[in-house]
Every structure is written in structure tokens, then in C-alpha cells.
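Right after this note come the structures.
After this come two complexes, each holding chain A, first together with chain B and then together with chain C.
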Partner chain A sequence: MSALPEGVSAEQMRDALAEMRGVVGDAWVISGENPLLRAYRDTLSTAPEEASMPSAAVCPASTEDVQRIVVIANTHRVPLWTISTGKNFAYGGPAPRTAGQIVLDLKRMNRVLEVNTDLAYALVEPGVSYFQLYDHLRERKLRLWIDPAANGLGGVVGNTLDHGVGYTPYGDHLMMQCGMEVVLADGTLVRTGMGALPNTKSWQIFKFGFGPWIDGLFTQSNFGVVTKMGIWLMPEPPASMPFMITFEKEDDLERVIEIVRPLKVNMVIPNAAFTVDLLWEAGVAVTRNQYFTGKGPMPDSHRRKMAADLRLGAWNFYAALYGLPEVIDATFEIIRGAFSSVPGAKVYFEKDRVGDPSFEYRAQLMRGIPNLTEFGLLNWVGGGGHINFSPISPTLGSDATKQYRMIQKTCHEFGFDYIGEFAVGWRDMHHILMLMFDRRDAAETKRAHECFARLIDEAAAEGYGEYRTNLAFMDQVARTYGANGGSLLKLQQRIKRALDPNGILAPGKNGIWPLTAKEGPPT
Partner chain B sequence: MVNRRDFIRLGGAFGLVAAVPGEWPFAAVRPAFGFPGMEAFADTRYAEGRAFAAAARAQSMVVHPVGVDPSAAVTRLAPYARERPTRIVGLTTLAATVVVEAAAADLRMRVRYRGLHGYSADGLMRHELEGDHDLVRVVGGDLAAARDPWAVVLAMRLERLLAGDEPVASRVVEAPAPPSNRMPLQLVSWVIG
Partner chain C sequence: MNEGRRMLRFVTLTAVALASAHASLAAEDTDLKRGKAVYQENCAACHDPGPGHPGTQMLAVKKGKELAVLIGRTDLGVDLVRAVVRGGLIEMPPFRPSEVSDADIEALVKFIHTKRDEK
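Take a look at the complex of A and B:
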């Protein structure tokens, strides 16, 4: 039997679930001993599965269902943890922040409501995955691209709300979001931006409407339940050319990022480009024990052998160009010239990497084709455990190198490989460390947890903060954003209190707790 | 349903048990017995996966090859797919297993059986089975005593695997490893439904 949420009695839960069954039907309230409930645990992170085992899951089919469910939750004071597709792997998956919370699973709300080919946007419900939207466009032969996350099972809405990034020029997902429909904790329905205008013609084409832009309040938050969202789609270009440049030495990172920055800031490179370390690239195709069976981080000699076998660099830069072929050719010469100043840099195109799964899946992603190849990294050590440490770095060689050395040192100290990449945005880089561990090994899992906690504090001490984190570390990361006496979190807390006075929506999401919870925000 | 003796006999009778160097014996026919319409997923990059696929195919199952990208297998389980399988069986990498399980959960399908197969430190094949009590007893016993390749042994027990209920019991068995073609990673056998 799963635990009850803090402060909720068995009677409260029983009555709430009974009323929710009246809304969605018996089949769509999963509770008690129903084995389907086990699918809502976080089975990949360092926290014990019981820590995030929900007491129930309820699956509405419509916005109206959601409105009725939040009213019931308010009446009985039971907490709801909202998921869209629940494929937020490495950050908690479908699991709630604490045991006992009811998962509000929006997977049945999976309609592509509109695709506008002239203005290049889609309006989708939260259960729509990247695969689904991609298939929807292909089946209708629409010449529009999506921008998928590496996990094609992920949700378009969920990834955007968690500030996820992709690989095409539309890789900044929240920037490409336009218009939301949101259910507030009291059941009020709000449409943001131009959507507030009755009979609007512009909901998905102008983000801001009139007055304060509030869409951001519903991202990485617990202020409402997003039930519809607009997303801009990229018109299919006449041509595209993904490419890869390998760099031999770890120390090349600083110079590479110094070259990348002006190319990105000046939009010579239009897409969300990636600078990826050797093990991330290799881990998609091979396993650690093919090259090293010892304990601790892989030694340099083995790394060199692996790099030579797989024709990879210590760092591997991926980007793509789009548009008219002659423009692509001309632009690429600028890029080639810039990177040629790095000794040993090698340029590869698709024809050079046929059969290389790493190049192929990234080329697909840079063309808006979702896939699941990156999951191959789960085979690197086996055992399935992984959590992502995701600090933001300025696109400066000095910062990138400092972060890399700092994180690598700590990972090695705890006996783990550094497996990381830098996703270059408009001015920043999302530095993603994939901390892989064998979850069957309790001691290793504990070390991974301690390593991760140390990384958060070390990064914060140097002025680096994470853009997103696993459930188990949300409070710790939230505390690092503590300037001016923690005034940002206090403001978020005040908004929470105003919009959700009973604290029924996702208690603890990103460190924002309702006043009723014991585990409160930092003071 | 086909049993191991029948499988070997039929394969041998039709000259279908291949003896390709570096490959495990497999049957390459679709005899009119077995599990028509049932679906299997196998990572055909590895000899074990190919043997499992061939044996499943020989028992009239529809086999979906899974490679470095499990997208096709997972899209098969998409909530918007036109046809939904009721119960599926597989021998895949851990990575593919994780995403197949996650996708299947959206169809209200859950894990009925799971087996982890890899090498132990002393070079033996180690099988960690989770299933119902009968399943882990029967399949565990087969694997412990097997002289045939373990993936084929599993495929010979498809009927029992597919009938799995809840994974409430576990058993670890070790057996001699195949002489060659050491797979570089742990493979996972599973039944989801």
C-alpha cells in the first residue's frame, strides 16, 4: 500500500478518489494495490522508489475534467502532481516530488488541435509526444518541422514547461511557445496572451497580448495546470547540412567555445549546436566494459584507444546549416575557416559517418526527426541509473573549461566518469552532465547521490546555477538561488499562496512548497 | 505449443538449425504452431537476439528487430497507433527495455516478467529472473541446466513467459557461458502485457 500525502487522512483520500472516479470513470483512477500504479515511480534516480510512490493516479480526458478534479482536490485538500507524458527521465520521470501525492496524468489529453501551415504553428494538448506530432505532420505531408528533445517519447508541452532544449534553429522551446490555456487551482480557466481576447485570431502568433506576460509563471512551477499550448514549427528548408568537427585534446574546449560564441551570437550557426565529450558520443554505440573493466573513471589510455577506434575527439562539435545550398556552402566556409585554427580539428559530413549511430541520431534531431538513440547511454555501465546535472554556463571558453574541470574532478573523486555536453543557446550554454551509475549497487547509488549534491554546492559557490534538476534535489537547487535573502523564492511563495492557498498543485515542485508543508522554503 | 524437444527435432528435421560460425543455432521457418499474431522484439545486433528472434519467428510470432534506435518498437506501442498488442515479449538491451516499458505503461501494460542476463565476474552467465513463482522456478531451472544457448532456452519457454502473471518472485542462476561471441553488455528478456 502506498503512503498517504503528508497531512492527508485515509478518509480524505478515499472521498477525493471516489469523486474523481465520478469525473473520469473507475478505469482512469489508479490506486491502492493496482499494479499499474508502479509505473509512476522514478526508477532511474538515486532516491529510493518509495520516496516518490504516489497514492493514486488520475487521468482526465479534457480540460473540463481537469477543472472538476482540481475543485475536488481543493475540497478534500489532497495534492496533485501534474505530468504530461511523464517521460521526464533523469529528472524524475512520472513520479511526484513526495510519496503519496496523486499524479494528475494528462496522457489522455493527446490531441493535436490545430496545425496552421501558413503561420507555421501547432496547438497541442499536454499528452502529445514528439513522435506523435512528427507523425501527425508527416501523415498529412505538411512541410513543417518539429524541434524534438533527444527523447522522442517526451511531451511537447512538458518539455517546454521544463525549459527543455532541442537541436534545430527552434531549439529554445520556451521561446517558440506561444499561448497557453491554464486551469488554476480553483478551477478557473485562463487563456494567456492573445488567447484572452474572445474570437482571437492571434493566440498562437503573438506571445504577449496586453499587460504582463504570464506564461513563464506556469513553467517549472506549481501555479496552474497547462491544458493547451501553442508551439511554433519550423518551415522545412530547401536544404540542410549537419556536420561534426572533432577536437583531439580536452584542453581544446576553451578555444572551441571561443570560436562557437561569435558564430552563434551572429547567427552564422543558426541551430542549437552541441559540444559533446568523448564518452557521451562513444556511450551511444559501445559500453564501458568493452574498453575498461576496472573501477573508477576510465583512464586516459583507454579513452585514447576508444577515440581512435570510433574516430571521435575528446570534444565533438555538432551543428547544421539550413537554407539554399549555395548559401549553406558559403556559410560553411566561414565556419571551417574559424575552426581550422584549432590544431587537429577534423570535419565530417554525413557521407563520412555512415553507420555511426552518434552522428546519425544527431543529424536526425537537427532535422526535426525524433528518435531514441541517445538512450543507448543507459548501457554504458548498465544498471540503469542516471540523473542529469545541468548548470548554465556563459558561452565563454574560460567558464566552460572551469565548469568542465570542476565537474570532472568531483565525478572522478566519487569514482564516476564525466559524460557531458554543452548545448549552445543564444548567449548561454546548458552544460549537461549525465551521471551514470548502477542502480542495483546500493553503495554506488549512494555515492552518485552524494556526488550530485556536492556538484550543486560547488557550482553555486562559483556562481553557476542549474536550469533544471531531479526531484530529489529541487530544494537544494532552489536554495542556491538565494540572493537578497532568498527573495525570489519568497516571491514565488507569495504567488503560490495567492493562486493556490490550499497548496494542492504539485507541492515542492522546484522548491516551491505550500505553507501547509513541513518542508518549507529557506528563510 | 512447441517444446524444446519439438523445436530441435523440427529444426533438425527440416535442416533448419543453422551452424554458421559465430552464430548460435536458430530455426528459419514459420511452422504452423506457436503463437500466431503475438509480437516479439529482439535486438538483432547480438547473436543472442538473433537466436531469440529466429526462435520466436519459428513459433509464428511477429518479430520486430530492435537496433541502436528502439523508436520503431516504441512507436508500435504509441497510444495513437491503430493496432495495440495485448502482450509482448522481448530480448533487448537495458536501454531499449526502459523505453519500451515506459511506452507500454501508456497503454496500461505492465511488466509481467523480466530477466537480466550478463556475465558474472568469474565468467559464468548470470541470469537474474523476476516473475511469478512458477515462472522463475521453471525458467530458472531450465537455464541452470541448459546445454543449449540461453537465448534459445528462453525462446523454448515462450509459452510460460507469455503466461507470466506478476513479478512477485525472483531467482538468480548461473550457468556456463557460451564459448564465444561474448555480448558486451547485459541483455534483458521481458514480457509486458
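Take a look at the complex of A and C:
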């Protein structure tokens, strides 16, 4: 029998699930000893699976189902953990924050409700994956691009709500979101922005409506269940040109980021560009054992051999240009000139990297074509474990270098490779460390957990915070945002109490706990 | 008279058999289409042939090149595929019933097997 949520009796759970079966049917409430419930565990984390094993999952097919389910949850005081496609790799997958919470699985709500080709947007339900939306557009021969995350199985809604990023000029997903439908904890249905206007003509084209813009409240939070969301789509450009520039030395990072910043801030480079370290690039194509079978981080001599074999740099910069071919060519000369000041910099185009899976999957992503190739990285160690440490960095060479050296030192101290990349947004960078470990090795998994916890504190001490984190570290990261006596978290807590007084929606999401919970709120 | 009846009976039985075979083929065709769709949506990005497919890459390391690609592997039965799909395997995450139904898994296995016959 799965663990019950804190403060919930077996009778409460039984009665709640019985009523939920009345809403969605027996087949769509998975509970108790049903082996199908195992598919809801986080299979990639450093935390033990039982720490986030749900007691049940309920799978609604409509907004109306969701409304009825939250009312039942309120009546019986049982907690619901909402997922969309449930493929939140490295951050928790389909699993809830704590053991026993009922997963509210929205995957069955997977309709593309509207695609507007004139105004270039889509309205989708939470179960729509990047693969599905891409196929939907291609099958109808619509000349619109999506902006996928690296994980094509991921959800358009879920990734946006977790502040995910992509690779095209529409790479900041929340910036490209427009309009939501939200079910509140008491079952109330709200449409945000222009959607609140009866017979609205502008729900997916103007974000702000009238009054406070509240869409952000429903991201990385537990204040409601988003059941529809608008997302802007990029009109297919007449041409596009992905490119890669390699840099030989680790110390080149500072200079590279200094060059990237004005190119991004001035929008010479329009898309979400990436500066990627050697191992991240190599790990997609080869395994660690092919170059080094020893313990601990890979020695420099082996790194150099691998870099030479694969024609990679210590750092590898990816971006793309879009538009008329003449404009692309002219713009690229500005970029080429800027990077030519770095000794040893080498420029590659598609024709130069045919058969290179790293270049090819990034080129696809920069053209809005979803795939899963990046997850070849999981073969680097081969043990299935990975969690992402994701601090925000200013787009400054000094900060990038400081973060890189700090994180690399700690990873090496714990015996792990630094495998990282900087996703350049506009003025910020998402610095992503993929901490890879062999999950079959309990000692190594424990070390990875300790390493991750140390990284959070070290980064915070230097003024760096994470934009997103794995379930197991949500409280720790939330506490690092503790200025002014933790007033931000306290404000979130007050909103939580007002909107969800019984604390039934995703207790503990991003460190926001109901007042009744043993774990929180953090002080 | 008897000859006429025999002929009528023969024609009737043949028609029934053909209709039955046609229905069976149609069902098979529907299953294969469904299996192909399930494969394309959930499996292809990791398990298609060639570089850039993490599942194929790992199976080549673990099982050898002959068994690296799922398509055509008649050694994969429904029970094994269901166990891996539902439980996950090392890097591969589990797939929930809301993503892939048991009937989807059966259709998927038929599709995987049939592709070998086409080779």
C-alpha cells in the first residue's frame, strides 16, 4: 500500500477516490496496489523513489472533470499534485512533491484547440506535447514553427509554466505565452487577460487585458490548475542558418560571453543561443567509457583527445540567423568578425558537420523541430541518474567564469564531471549543470545529492539563484530567496492561504506549503 | 439440382471466408496503423535507427548492433515491452496509461514485429 499524504486518513482517501471514480470512471483512477502506479515515480532523481511515490493518480478528460475533482479534494482534504505530460526530466518527472499526494494527471486533455495562422498562435490543453503540436502543424501544412524544449515529449503548457526555455527566437516560453484558463482550488473557472471578456476576440494576442496581469501567479506555483493556454508561434522564415563556433580553451569562456552579450542585447543574434562545454557536446555521441574508465572527473589529457576526435572545443557556441538569405549573410559577417578576436575560434555550418548528432539536433531545435537526441547524454555514465542545477547568471564574462569555476570545483570534489551549458536569453543566462550519476550505485547517488545541496548554498552565497529545481530541493532553493526576512515567500504563502485555504493544490511546490503542513512554510 | 446446390454452397462459403479474411486484414491494418502512431509519438525519437537516437545508442552498447534497433525485433513480446514501458529501464522513463494504453502497447508490438517481415 502506498503511503498516505500527511494528515490524511485511509477513510478520507478511500471516500475521495470513490467520488473521483464517479467523475472519470474506474479506469482513470489508479490507486493502491495497482502496478500502473509505478509509472508515476521519479526514476531519475537522487532522492529515493518512495519519498515522492503517490498514493493514487486521477486522470481527467476535461476542464469540467478538473473542476469536480478539486471540489472533491476540498471536501475530503486530500492533496492533488498536477502534471501535464509528466516528462519533466531532471526536475521530478510525474512524481509529486511528497509521498502520498494524488497525481492529477492532465495528459488525457491533449487537444490542440485552435491554431490561428494569421496571428500565429495556438491554444492548447496541458497534455499536448511538443511532438504532438509539431505534427499537428506539419500535417496541416501550416507554415508556423513551435519552440520546443530539448525534450520533445515535454508539454507546451508544463514547460512554460515551469519557466522553460527553447532554441528559436521564441525561446523564452513564458514571454510567448498569452492567455490562460485556470481552475482555482474551489472549482472556480477563470480566464486571464482578454479571455475574461465575453466573446473575446483577443485572448491569445494581448497578454494583459485590464487590471493586474496574473498569469505569472499560476507558474511555478500551486495557486490553480491551468487547463488551457495560448502560445505564440513563429512564422516560418524564408531562410535560416544554424552555426557553431568552437573555442579551444576553458579560459575562453569569459571572452566568449563578453562577445555574445552585445550581439544578444542588440538582437543581432535573435534566438536562444547556447555556449556548451565539451562533455555536454561529446556525451550525445560517445560514452565516457570510450575515453576514460577511471573514477572521478575525466582528466585533461583524455578531454583533449576526445575534443580532437570529435572536432569540438572546450566551449562550443550555437546560434542561428533567420530571414532573407542576403540579410543572414550580412549579419553573419558581423558575428564572424566579433568572434575572430578569440584565437583558435573555428566556425562550422551544417555542411561541415554532416553526421554529427550534436550539431544536427541543435540545428533541428533552432528550427522548431522537436527531438530527444540530447538525452543521449544519459548514456555518458549510463546509470540513468541526472538532475539539473540551474542558476541564473548575468550575461557577463566574469560571472560566467565565476559560476563555471565554482560549480566545476564542487563537482570535481564530489567526483563528478562538470557537464554544463549557458543558455543565453537576452540579458541573462540559464547556466545548466547536468549532474550525471549511476542511480544503481547507492553511494554515488548519495554523493550526487550532497553535491547538489552544496551547489545551491555556494551559489546563493555568491548571489546566484536557481530558476527551477528538482522536487527534492524545492525547499532549499526557496529559502535562498530569503531577502527582507523571507518576505517574498511569505507573500506567496498569503496568496496560497487566500486562494487555497485547505492546501489541496500541490503542497510544497517551489517551497510553498499550506499553513497546516508539517514541512512549512519555511521561516 | 444437387450440383446447383453444391455450387451455391461453395460460392456462399467462399464469400463468407473472403469477408472474414477481409475483416481480419482490416483489423490488422488498423492495429498496425495504431502501432505505428504509438511508435512515432513515443518511441521513434529514441529508438529509430542511426545516430542521434539515445535508446538505439545504448542498446548497441548493451545488446550489440543486431539488437540495437527496436523495429524488426521479434524477440520482444508484449509482456516484456509492457514491463519496460510501464516500469522504465535505466535511462528510459516509464509511460503512464494516460500516455499509452495497454491496447496501444499490443499494437506497438505488432508494428515492431511486422516491420521485420517487410524487410
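Just so it is clear, the second predicted complex is superposed on the first by the 523 of 523 C-alpha atoms of A that agree within 3 Å, B and C clash if a C-alpha of one lies under 4 Å from a C-alpha of the other, contacts with A are read in each partner's own complex, and residues count from 1 in each chain.
The rule is simple: a contact is a pair of C-beta atoms (placed from the backbone, for glycine too) under 8 Å apart; a residue touches a chain by one contact, two chains touch by 3 or more.
None of these values were measured; they are calculated from a predicted model.
If you put the two complexes together on chain A, you find that chain B and chain C bump into each other.
Of the two partner chains placed by the overlay, chain B and chain C both lie in contact with A:Gly384. When both complexes are overlaid on chain A, the residue A:Ser202 reaches neither chain B nor chain C. Once the two complexes are laid over each other on the shared chain, residue contacts for A:Lys87 go to chain B and to chain C alike.
Touched residues of chain A were counted for both chain B and chain C, and C has more of them. In the superposition on chain A, no contact is made by A:Asn116 with either chain B or chain C. Once chain A of one complex is fitted onto chain A of the other, the partner contacts of A:Phe375 extend to both chain B and chain C.
When the two complexes are overlaid on their common chain A, residue A:Arg41 makes contact with chain C while staying clear of chain B. By the touch criterion stated above, A:Thr75 is placed in contact with neither chain B nor chain C. In the superposed three-chain arrangement, chain C is struck by just one stretch of chain B from 4-12, 130-138, 166-174 or 184-192, namely 184-192.
The interface of chain A with chain B overlaps its interface with chain C at residues 35-36, 38-39, 44, 85-87, 89, 93, 107, 127, 129, 131-132, 135, 152-153, 284-285, 287, 357, 361, 370-373, 375-379, 382-384. Listed in rising order, the residues of chain B touching chain A in the complex are 68-71, 74-75, 78-80, 93-96, 98-99, 101-103, 105-106, 108, 110, 118, 166, 184-186. In the complex of the two chains, the chain A residues touching chain C come out as 27-28, 30, 35-36, 38-41, 43-44, 57, 59, 85-87, 89, 93-94, 105, 107-108, 127, 129, 131-132, 135, 152-153, 284-285, 287, 355, 357, 360-361, 370-373, 375-379, 382-384, 439-440. By the touch criterion given at the top, residues 41-42, 45-46, 51-54, 57-58, 61, 86-88, 90-91, 93-99 of chain C touch chain A in their complex. The touching residues of chain A, counted against chain B in their complex, run 35-36, 38-39, 44, 85-87, 89, 93, 107, 110, 127, 129, 131-132, 135, 152-153, 284-287, 289-290, 357, 361, 370-373, 375-379, 382-384.
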